[in-house]
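The letters A, B, C and D name the chains in turn, as written, and every chain counts its residues from 1.
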Amino acid sequence: MKKLINDPEDVLSEFMRGFSIAHKDIVEYKTDPVHFHRAGGAVQGKTGLVSGGGSGHEPLGGGYVGAGMLDAVAPGAFFSSPTPDQILAATEAANGGAGVLHLVLNYTGDILNFEMAAELAAAEDIEVATVVIDDDVAVENSTWTAGRRGVAGAIAAMKMTGAATDLGYDLAKTAEVCTKINDSMGTMGLALTACTVPTAGKPSFDLGPDEIELGIGVHGEPGVKRVPMMQVDEIVDVLVDAVVKDLKFERGENVLLYINGLGATPLSEQYIMYNHAWDKLDALGVNVTRSQVGNYFTSLEMAGASVTIMRLDEELTKLYDAPVHTAGWRKGV
Amino acid sequence: MKKLINDPEDVLSEFMRGFSIAHKDIVEYKTDPVHFHRAGGAVQGKTGLVSGGGSGHEPLGGGYVGAGMLDAVAPGAFFSSPTPDQILAATEAANGGAGVLHLVLNYTGDILNFEMAAELAAAEDIEVATVVIDDDVAVENSTWTAGRRGVAGAIAAMKMTGAATDLGYDLAKTAEVCTKINDSMGTMGLALTACTVPTAGKPSFDLGPDEIELGIGVHGEPGVKRVPMMQVDEIVDVLVDAVVKDLKFERGENVLLYINGLGATPLSEQYIMYNHAWDKLDALGVNVTRSQVGNYFTSLEMAGASVTIMRLDEELTKLYDAPVHTAGWRKGV
Amino acid sequence: MADTLGAGWALDWIKKTAAVVNAQREELTDLDRAIGDGDHGANLDRGFQAVLVKLDGATPATAGEVLKTVATTLISTVGGASGALYGTAFLRASKLGDSDLDAAGVVALLQAGVDGIVQRGKASVGEKTMVDAWTPALAAGNEAVAAGKSPAEVLDAMAVAAQEGAVATEPLVATKGRASYLGERSAGHRDPGAQSTAYVLRAAADAAAAA
Amino acid sequence: MADTLGAGWALDWIKKTAAVVNAQREELTDLDRAIGDGDHGANLDRGFQAVLVKLDGATPATAGEVLKTVATTLISTVGGASGALYGTAFLRASKLGDSDLDAAGVVALLQAGVDGIVQRGKASVGEKTMVDAWTPALAAGNEAVAAGKSPAEVLDAMAVAAQEGAVATEPLVATKGRASYLGERSAGHRDPGAQSTAYVLRAAADAAAAA
């Protein structure tokens, strides 16, 4: 393991301190328990938006806290959900008196810990609603699994739901639009390599030199199917077909086409994926009206990527276009 | 070589086509010869700003073309300078009648090809001035080398010089401030791994599992010194000390502290570098008034990073803060 | 060997648990690498090391007090599925630890903990989770109580059954937790949480034997 | 063997150059990996393949016409240091190729090309560049002309000297081009541009022998 770190145990605290100094105009960093909230604190009267999850999904940590996106976030250890007290602290920091939405990615650990935190918040009379993001179409949503995972689409959901809270949506309407966003999108990804959690010191799984993992999650867990390496157009065929089948896009619909890099995959390769995905949607008569390509939700230095496609109506387009000012995503500000 | 590509020979054209579709509101992509220019073409009466260089330094290609930054860019093959006819075409596309600045990174190939292009442009009565960026303090600037290389600092120079042209600087003043920017900064980097140019199919150099390359360039070329792996704080000591020694920062000065990732290095590690570099500058009494951390100038999927420190006076701070709207860097728009 | 177990046993149990989790950190992590995300050992080790710090110099009067500290510390340091589940288990168990425990009392305390795990995690037997170690352990415990065994003997029987239960998760296909994403591919690997459960119960038995 | 060389020779020269560059693409790239950025083979191959396409079916009247096409094509397809340098060299050389060339004429034509390389690249002998292959080649060429050799013999002598010059770059420390960043570490490796120069001259000699 060759990494630009000191003691593996200090990676997260040194990362977060560095981040908070570099972006002190946007975020405030608290250490006991660890969470980030917007510089200046909760916006009074606005619905609060809190998310959280394991670390290693950069620029999370604090990268999506700021105007137009999250009010606060609770980052856990690498690939481990945060603890209830972290989530509670983030919830308190996000509470402007109008309640707080928990945007939770569908992993057992995250669900359980957010559930405990919501119970604690209720005891403090903070109104909490929860929306679970499960955009990963690679996992069948059946009683045989813990359900579809929350993956790259969660970042779009954070941005658009944050925009809704800025536009004055109350807690119920915020939860409603967040659910609508979740229902409007699907994601599927693949990995070419594993990644190495600093505290573990070795790769999270082993992949042969000619193998890829289809339907990869974003926590270094193995995917749903290991297949021989293919040309990227064939891979994109599998990914896009799976999302299109799940979402049943129709001719004439408008969509966001969003390629997310998992860390070590060059942007050039991500745009090559975009290129072919766009051609496929074009052939189906689906209009790509918004585009997003980049490392929005990584798995440390994993090589791989995912394709997210989201149905966009007027409301969702407006939320996507709204200004946002965070370290990881900025426009209009 | 496991990459998300089709035929290695098609990587650049598929990347660029995908990029140009995703960002058609910002850039226009031309294929004969290959270059990108701002959507809508040259801004009449404004000094034009053109850069270029080998591909593989993402989000270059077209990622820094747009309002507040480049007017046009000529991307060569991977890690190979563009050809004179590409540069000429970019120069024509950037020419709003007020002349064009060539912002050239100091590599023999780039220098020679931009020189030939400038001769061709002169023959078409386009006034061209050239500023060579050579921020890499790892290379001694002596008659014994081709001179200091242009590395990550070049991106800051593109952004700030582009801001100057938007503020109405004429060609001579633009060249002057670009030179000042170059003289105000120094960069030094390191690599943990090599990268693989798709058309070459194998890594550009070999690094042992416990070795790092100090003073790495950004073209996959080996660095100036191979040393055993160290803790990141020790590495940052070497990098920051070299830049500080070269630029002779003084107590009370304001600087930009800019960590650039080379591709596969997680943001967390880059912020850990920032964290220690900030402490070192703080101990010297140097004020970090602007911060930048991320993959602004990659070497494909190389693991590694560089530290750039730039002295900021009022003029340079204003240029740094000016709005910019490109695929790779956006604020205020 | 004592007839009843109290604060001393509980303290020793938790110290022994912290020691075994630390010693087996790599093994637990490797099990989780195979079918999860490779952090189970690190998660529990972080949690129990924090517990050791919290208990250092403390003089709790009852097993309940000890377990409550364990619960709140695990909840605030572990994260992940196991943080919520073990945290909930120790919290529920702590409520039955106000006075010294006879054999039946020990089993009742652990039953309360497992009820908490099931209520939160909604897993039943055969889903390849820690429940597959806890359930046979409770059955063995009840049997030993009925046979009139001492607390130490009861816990030993539970630890043996838990370890067997952990081993028995190997052929199972997971339908809960991260391992469920792997579908059929989860078969052939032992569930990390079931294995850590076996260690927790082994530590409890060893502490009882020394009490 | 012909006494003078014209368009036919030039066409054959360039085709043979394209063939050898294609065959040695890997070798040139490996040399450049060691002390540069690993693209010299790919750069030249891309350029000369484009030249083949441009020359396909063309019926140039003079060597000068051939070399001008080579020059403009290399300039617009190669990039890198070598694109500018070879491009400039062929452009300058093309100006001396209006009529058929005797032995002295061939050397003069190549001298003009090398003058272009030196003017653009500002390298002198010993800096570990292609100039270290061109310079001894020109010296050998002039010597052969003085000894009254045929154009083919002159080019053969030049090719031999260029190859020796390329080998002789191995111990040198580079002070021009990318290899200069390596300082002392550039010693022990052959300069890729010097090696490609030797191939270009070998192709010229073979084409002359067949003319």
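Everything below uses one rule, namely that a contact is a pair of C-beta atoms (placed from the backbone, for glycine too) under 8 Å apart; a residue touches a chain by one contact, two chains touch by 3 or more.
Bear in mind the structure is a predicted one, so any value in this text is a computation, not a measurement.
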Hop count on the shortest chain-contact route linking subunit B and subunit C comes to 2
Distance between the CA centroids of subunit C and subunit D (whole Å) is 76
Subunit A and subunit C have mean C-alpha positions lying a whole-number Å distance apart equal to 32
Chain-centre distance (mean CA atoms) for subunit A and subunit B, in whole Å, is 29
Multi-partner residues in subunit C (2 or more other chains touched) are none
Contacts with two or more other chains occur in subunit B at residues none
Contact graph of the chains (line, ring, star, complete, other): line
Checked against the stated definition, the touching pairs are A-B, A-C, B-D
Listed in rising order, subunit A residues that touch subunit C in their complex are 33, 54, 76-86, 107-109, 112-113, 115-116, 139, 143-146, 149, 197, 199-200, 202, 204-205, 215, 217, 219-224
In the complex, subunit C touches subunit A at residues 29, 33-39, 42-43, 46, 75-85, 87-88, 120-121, 175-178, 180-183, 185
The residues of subunit A that touch subunit B in their complex are 2-6, 11-12, 14-19, 21-23, 55-56, 58-59, 61, 63, 192-193, 209-210, 212, 229, 231-233, 235, 257, 263-276, 278, 288, 291-293, 295, 298, 300-301, 303-305, 330-333
